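Per-chain numbering from 1; labels A, B, C, D and E assigned in written order.
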Amino acid sequence: MSSIELKAVEKWFGNIQVIKGVDLAIEEGEFVIFVGPSGCGKSTLLRMIAGLEETSRGQIMIGDRDATAEPPSKRGLAMVFQSYALYPHMSVRDNVGFPLKSAGMTKDVIDAKVGEAARVLKLESYLDRRPKDLSGGQRQRVAIGRSIVRDPTAFLFDEPLSNLDAALRVEMRYEIAKLHQTLKSTMIYVTHDQVEAMTLADRIVVLEFGKIAQVGSPRELYERPANLFVAQFIGSPRMNVMPAGGAPKAEPPPVAQSLGIRPEHIELVEAGQGHIDGTVDVLEYLGADTFIIMACGNAGQVTVRVSGDTDWRPGMSAGLRFDARHLHFFDKDGLAVSASG
Amino acid sequence: MIRRGNVTGPVLGALWMIVLSVTVAVAMSFATGQAFRPSIALSIVWGAIAGGALVTVGRGRSVRLGILAALVIGGALGFGPVLVGPETSLASRLFGSAMLAVSFASSLPSILEEVKPGILNRHEFEGAVIRFLTGFGYIFFTAIVMIPFYVMVMTSLKNQSELIQNPLDFSIDLSKGAELFRSYDELFTQFNFGTYLFNSFFISVLTVFITLAFAIPGAYAVARLRFTGRAAFSRSILLIYMVPMIVLALPIYIAFSMTGLRNSFWGIVMIYPVTTIPVALYMLQGYFRGLPSEVEEAGLMDGLSRLAVIWKITLPLSLPALASVSLYVFMIAWNEFLLAFMLLDDPSKFTLTRGIASLNSSEIPRQHLMAGSVVATVPIMALFLGLEKFMTKGLTAGSVKG
Amino acid sequence: EELRFWTTEEQPERLARQEEMAAAFAESTGHTVQVIPVSENDLGTRATAAFAAGDLPDVIYHTLQYAAPWAEAGILDSDAATDVIEELGADTFAPGALNMAAMDGGYVSVPVDGWTQMIVYRADLFEAAGLEPPNTYANVLAAVDALHNPPEMYGFVAATKIDENFMSQVLEHIFLANGVSPVGPDGVIPLDEAATIEVLEFYKAIAEASPPGDLYWDQSRSLYFSGNAAMIIWSPFILDELAGLRDSAPPTINDDPTSTDLAAATGIVTNFAGPSNPDGAAWGDVRYFGITSDASTDAAMEFVAYSMNEGYGATLAIAPEGKFPVRRGTAENPTEFADLWATLDVGVDRRAPLGDLYDAAMIEEIVAGLDVAQRWGVDEGQLSAASAIINSQVINRLVREYIDGERDAAATVAALNDAIAAVE
Amino acid sequence: MADAVPPSGTGPLAKREARLAWGLLAPTITAVALVVILPLLAIFWISVKPVKLADLRAPEVVLREDLRGGPEVAGDEATIRYRLRNSSQDQPILAVSFSDVIPIGLVVQSVDERCTLDGRNLTCAFGDWEPGYRETLTFPVLVEQSYLDSGQSPQDSEATIEGRSSNVLTNDSFTLENFARIFNGEEFFEVLWVTLFYTVFGTIGALLVGLFAALLLNKSFRGQGILRGLYLFPYVAPVIAVAFAWLILFDPFSGSANALLIQMGVTQQAINFFGDRPLALIMVTVFEIWRYFPLSFLFILARMQSIDTDMYEAADMDGASPFQQFWYLSVPQLLGILSVLFLLRFIWTFNKFDDIFLLTGGNAGTRTLTVNVYEQAFAISNIGAGAAVAVVIFGCLLVFSLFFLKFISREEGL
Amino acid sequence: MSSIELKAVEKWFGNIQVIKGVDLAIEEGEFVIFVGPSGCGKSTLLRMIAGLEETSRGQIMIGDRDATAEPPSKRGLAMVFQSYALYPHMSVRDNVGFPLKSAGMTKDVIDAKVGEAARVLKLESYLDRRPKDLSGGQRQRVAIGRSIVRDPTAFLFDEPLSNLDAALRVEMRYEIAKLHQTLKSTMIYVTHDQVEAMTLADRIVVLEFGKIAQVGSPRELYERPANLFVAQFIGSPRMNVMPAGGAPKAEPPPVAQSLGIRPEHIELVEAGQGHIDGTVDVLEYLGADTFIIMACGNAGQVTVRVSGDTDWRPGMSAGLRFDARHLHFFDKDGLAVSASG
């Protein structure tokens, strides 16, 4: 059984509470991603699951047993570190085989399992190299190889791709997705990269200051953010947020304090024709799209996405028409309120 | 076999008891001068029983108290792990066995924390062994480091005949008051140690300044500037660093003898920095290399010349390193013995180490010798403890040299 | 002028007295004297080094062993010394002491004082055990047999620290006692094998009756004072502290550091005989003022003359128990200084004349020793060859190796002969 | 690329930089050359010269002059005496001569045939002098009143002396005797063996003990800094102070160590730790270990703390036990620093002088090569032989250093 | 005159040629950005302009004078470093004022100029802090402040934003754009971030292995890449490239070896209806858009951009219709050939 459940776990470093009571149930085979701004406690939470950090309060259940007091070696989880944490003095073969060797397996078994892992991860031709002779992506694959040989209950990943360059990141992301499809194991993955979170996760856990801000599928989070924090955190460029009073034509519900709309849900029309008016401040040409940053008086700066070959130029003024189906409203605590409410 | 709780427990218990009983016996002997003697056989018996009990019965409060009480009583009755001589006073006998009992009963349970009666897995077994070794290590290192210093200080406070009568008795008769410090008083009043102290200090400080004046530009050039021969140069620093002093001392001695620099203050001040410049060069260039070159380049872009960059940017940024180097150089100069011994004849020019050497050779009581040693050691120790961070850094940076 | 004076009398209280004397000299002549203590073990190297560097002091207070070698090396200005002796009157000096310093018709240094080495023993224990005084090899060995009972009582405390002059002195004494010498009238000669083996065996026997370790005067005195040694060899400098007059080296045989009990229980022997030399011999040491070749000669001569004349009393008073006058008096009063000496107080923390502390007979024995005292090479006129051998410490080393069992007696004699011959 | 070859020569910026670099290095290079390179060359030179300590002073003619006979009134007879000698016992002086001025009022009656008197100027020429040669010249004089009035004495006019002598240090006599002497016999091999024993065991011991200490302190806890400081004491304290403390602690008579051992029944007789072979050698080695374990400890600790903790966490996750982690992870990781330390410490221990010199003075079978330099040069005053030993040491070091540089270029760090 | 001209400059490190003959004329007031993969020599080229690296061959003209042999302090340029390179031992005020102080200006002048710069960069309230007490963005502003006080001939920036987190980077990017609008000075800017390059530059210089691959405005580079390298380098996700033969319906010109098309220029239609057919392999949902990675047989993997709320699911097959106006063709050397050619 490889489900994992966190029950009101807390983490204190001295007097500072870093994880502030997290409840979370992770199903067997699920791919769960923790995201959140830097310092929000993603790594800490992951390390608590791994057993590398003590759980100050609460319980961690792995399968049916309470693993809160177990040392890492007993939990049967595997972890892939951001720094890869390969053993620099060992060959790839020994790195991958190390967990088996620690467990006292015979050489034959080790060789067989290492060979199998190397095949899956296309590492066969590097087995005798040292980590320092590998590229970043290969190293990451070795780290993954080391974790899969043991058939762990679940995989833990702590920002596994953040040390890679953009192109490699895309490639490895694809491979991890494939790996999950193949192994169908539970995976918990920490990242601060939205794209990774959106593309890989079955469910995303957004953390804010040690608390869960929202849990849900990528689409849920993007389309129905539970609060202002998640709304602004997910999506790039981020959602435009303005005072609810700044765009009166959008007809906000009475409790709404602010209104949010994503750049792709705004259409530029003639001045006066939209919900609000603004002047083009800066154009950010990105090829496929152009983001137009509009100065909109009370409503502040609003980013609008238009196609790459736009004719808008700085200084022009325009009206912004909001797509009513994609308006988000938030009350004074930042919680989402439905448009009809 | 050994990885069974009911074997591991007694074995570790016995070993730990041996360690503690030796420690207590030595400590009590040194503190009181009375006869204490660890019994290996009894230690094994006691330790094994206690270890076995902790593993099988449990580590509850009652078990610990039981062990504690048994040890105190056993010690007092004379069959504890530490045996005492007949003339040992009751108070110290009780104190000794209480010390042993408390330290043992409080530490063994935590050593055996994860040990349970059945078969142990690797982690539990190794954990226990490691805790045992850790305890042993702390005792061992603290003892080997402290004992010579303890002996040094205590000897300086006692007179010859007291020491000969019982070399173990380091107890201090506080009623003697200032008389205890008689040897120090004599060192300063009769043996000129005030002058030596001043000389040492003055020479060391001068050495530091001269060394820095030479080493900073040199180290900077080697660390930062590109020029042909740089690699060779940076290697030869290491090589020069390896020439033994005694080999240099001989020609230096000859040259100084022939030029009249021997037995002179300035001769020493000239020669000390040269022994420290390679060290300082080596340390500083390492540090300069580690400084971000971009900050210096920013300085260049801001319109400074190289020299101005060194003066206004590199040096202020290197203050911690300069402090480390200075301390280290100070230490070398302060502790230097060979050159002072060979080059100085005239007591008014002696450095402290030379002064101590002169205390050794005569009919001067050894408490003076030890008092002199204390006088030389205390300032450098105080400096060291006060500026521990810099010192440690300095040591790590350059002091493979010994 | 500013004179520099090296002295081996470096104990603070003795230094203080020398400084007093220097001050008195400065007062009377205007030449100031800087008194510089040099430990006896370093003296040889230090002097050679200073000579090479051209910064020798003006006057050096040194032992006999350096007199001849230094004169030859050019460190000492024998002409100046000869002039001083002539000015003071050669006939006012004890002839023995003067002879030891004679060379090429002059004198290399000016003799100042002397003493003889003594076997100090526990007369009370000897008496109780019915033993003869330890004045022969046989008597010593008998006493060792009877009294050796370590660790409470060691039969002897031999000298075994090979880089200490003390060991050279003790060994020379034992060799002389059996009539063995490495020099003859024509220079270095081989040691007499049979007699040398006797010496070696004797020395090994007393070394085995000694505690372990590198022993020299320090342990000898400590053990004797604490009542753990039956016999030791020492100089008369021990006489004051033996009587409890010095706090930094008190007798510890009982709880009273000022006790004279140990002194009362002590006997001494100066003339010592081995089986091959029944007459025996005493070992004497004479100390000299050497005027160096870098000296401001005139002022240095004045200083030496002053110390041997007006200041002689003060010179002897530095430690009268070990400084017997070698200048007995002046032309006018031939016994002036001998008489003065007898009245000088010994001791440091407490003071008293020797006569108050010891039997007149015992003092007589000590003083008389100086007249018959010998050294290798003195009679043969080969003092400098003998000194070179002693200073090289080869005898110490080889004897020590023999004691440690590295080779047997005959092989040791051969090795000794080789080593001695090798010292040019 | 038409010309895909690197440009030759250096550009103006590089030239400027190199000039500055040499400028900054100049003082250091000069100082080091003066005090390291020059002495090293000197050592080689001296090692093939028959130099004794006393030879450092060139032979010279020593002259003393006085007026004898104590003239009191005009018309008294007196003699002026010149005593001269060659200060050296083994070097001749060539073409010795001196000249002096006779004071007013002393009328020289007769003159030695080797001298000429021109007015009051006296000149004497002697030819060559053997080593140790002495000469006394006396001139009878008649004293006049003007002499007594002037208050002058003959010594007041400084005589000028001439003579040629050669200095062993600079002349062209060479000898291999120094080397013959030190390589002679078993003694040299004993010294070599002692040196190697001391160096190898001292180095390895300090490394192992340091490793243990580093393992002990490689965790953060309160008081860790203090303990670290404490464990560095042996290294930081002046060697002379700790060496004497050890001597006193292990003294066979009044040392606490012996008292303790006897009391505990380990030994009956006091042990002469620093005086007996082979114990003395073991003890000086132990002292070396004691004194220098802090260094290895410091370096190993620094290296340990720079090891990525991630690696140990990964091992934890992989289920490795503490000993497995130590053996499979820590030891291989530390191998680099351990071998660098070993080489460096090896060289430094090889070079060690003070410690042994202070502890045993090289006696009781503890004479290492460095102590032998001192022994030969100063105790026996044979500078040439000392230099020869120094050359041997230097040769060994050169070999070690080549080895070391080869090695260190492979190891990063340091 | 603040134009800068590079004439056939080369840089050799020993025997390795890092800059292989670069000719480039930068107009006064222009904002030029160097981009290229890591190690292609961007920083080296910038540092040669700054005078921090020697120019091995060729000439660097600043204004009308030959500055090749001048030391950095003489060239009158200002540089902002990736690591900020602030003087850690000086307050912000002293950091900013340092170039003026080195130039020997009086205290009054310095204070005035520093005050002015602080106002422009909104640093007034931090003037007395030390760099270590500032956030990354503030530090970067101080570094910029230090460079503007001197009214330099030109500004050099070496990846000034790469140490900042995503949100800050967007903000600072906006501020640098504003700064250029205000100061109108020549700016040379190194980055490996495409978005920065596209949004900020007047002209982009794409470097490949020490040579210029293409120089042009962002739009030129995006729409008319001169070669395959630039085509793939600019744009994210990158341009799909397939063998010209893999999509015969696109009618490649005869010399063309390969064909490129950007993900936003492909439309998904029924299988058989497009230029080629493929099956959906992976969906990468990103909120506003979804990228569909299609397996297209001979043509390999092709990425297609569709709107966020797409209904495509893995395993479905579809036809891909290419927008003919946006097809790119490349010959065997990777050089672009026009569709008509």
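Here, a residue touches a chain if its C-beta (ideal position, glycine included) is under 8 Å from a C-beta of that chain, and two chains touch if they have at least 3 such contacts.
The chain lineup, named per UniProt: A, E = Maltose/maltodextrin import ATP-binding protein MalK; B = Inner membrane ABC transporter permease protein YcjP; D = Inner membrane ABC transporter permease protein YcjO.
All values derive from a computational prediction rather than experimental measurement.
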Checklist entry - Looking at the contacts, which chains touch chain B and chain E alike? => result D
Checklist entry - Where the contacts of chain C and chain D overlap, which chains show up? => result B
Item to check | Winner on C-beta contact pairs when D-E is weighed against B-C | outcome: B-C
Item to check | Chain with minimal offset from the mean of all protein Cα atoms | outcome: B
Next on the checklist: Counting only Cα atoms for the centres, state how far chain B is from chain D in Å.
Outcome noted: 26
Checklist entry - How many Å are there between the centre of chain B and the centre of chain C, using C-alpha atoms for each centre? => result 42
Item to check | Rounded Å distance, chain A centre to chain D centre (Cα mean) | outcome: 68
Next on the checklist: Could you pull out the residues of chain C that touch at least 2 other chains?
Outcome noted: 49, 52-54, 222
Checklist outcome for this item: Expected list for chain A, residues touching two or more other chains, is 71, 73
Item to check | Residue list for chain B, restricted to those that touch at least two other chains | outcome: 123, 164, 254, 257-258
Checklist outcome for this item: Each pair of chains that touches is included here, namely A-D, A-E, B-C, B-D, B-E, C-D, D-E
Checklist outcome for this item: The answer for chain B against chain E in the complex is residues 292, 294-295, 297-305, 308, 313, 316-317
Next on the checklist: For a test of understanding, state which residues of chain E touch chain A in their complex under the given definition.
Outcome noted: 38, 165-167, 170, 174, 177-178, 195, 198-199, 218-219, 222-223, 234-238, 262-264, 282, 284-288, 293, 305, 308-309
Checklist entry - Hey, which residues of chain C end up touching chain B in the complex? => result 10-12, 16, 36-42, 46, 49-50, 52-55, 217-218, 222, 225-226, 248-250, 252, 257
Checklist entry - Can you name the residues of chain D that touch chain A in the complex? => result 308, 310-311, 313-321, 324, 328-329, 332-333, 335
Item to check | Sites on chain B touched by chain C in the complex | outcome: 159-161, 164-165, 186, 190-191, 253-254, 256-258, 260, 262-263, 345-347, 358, 361-365
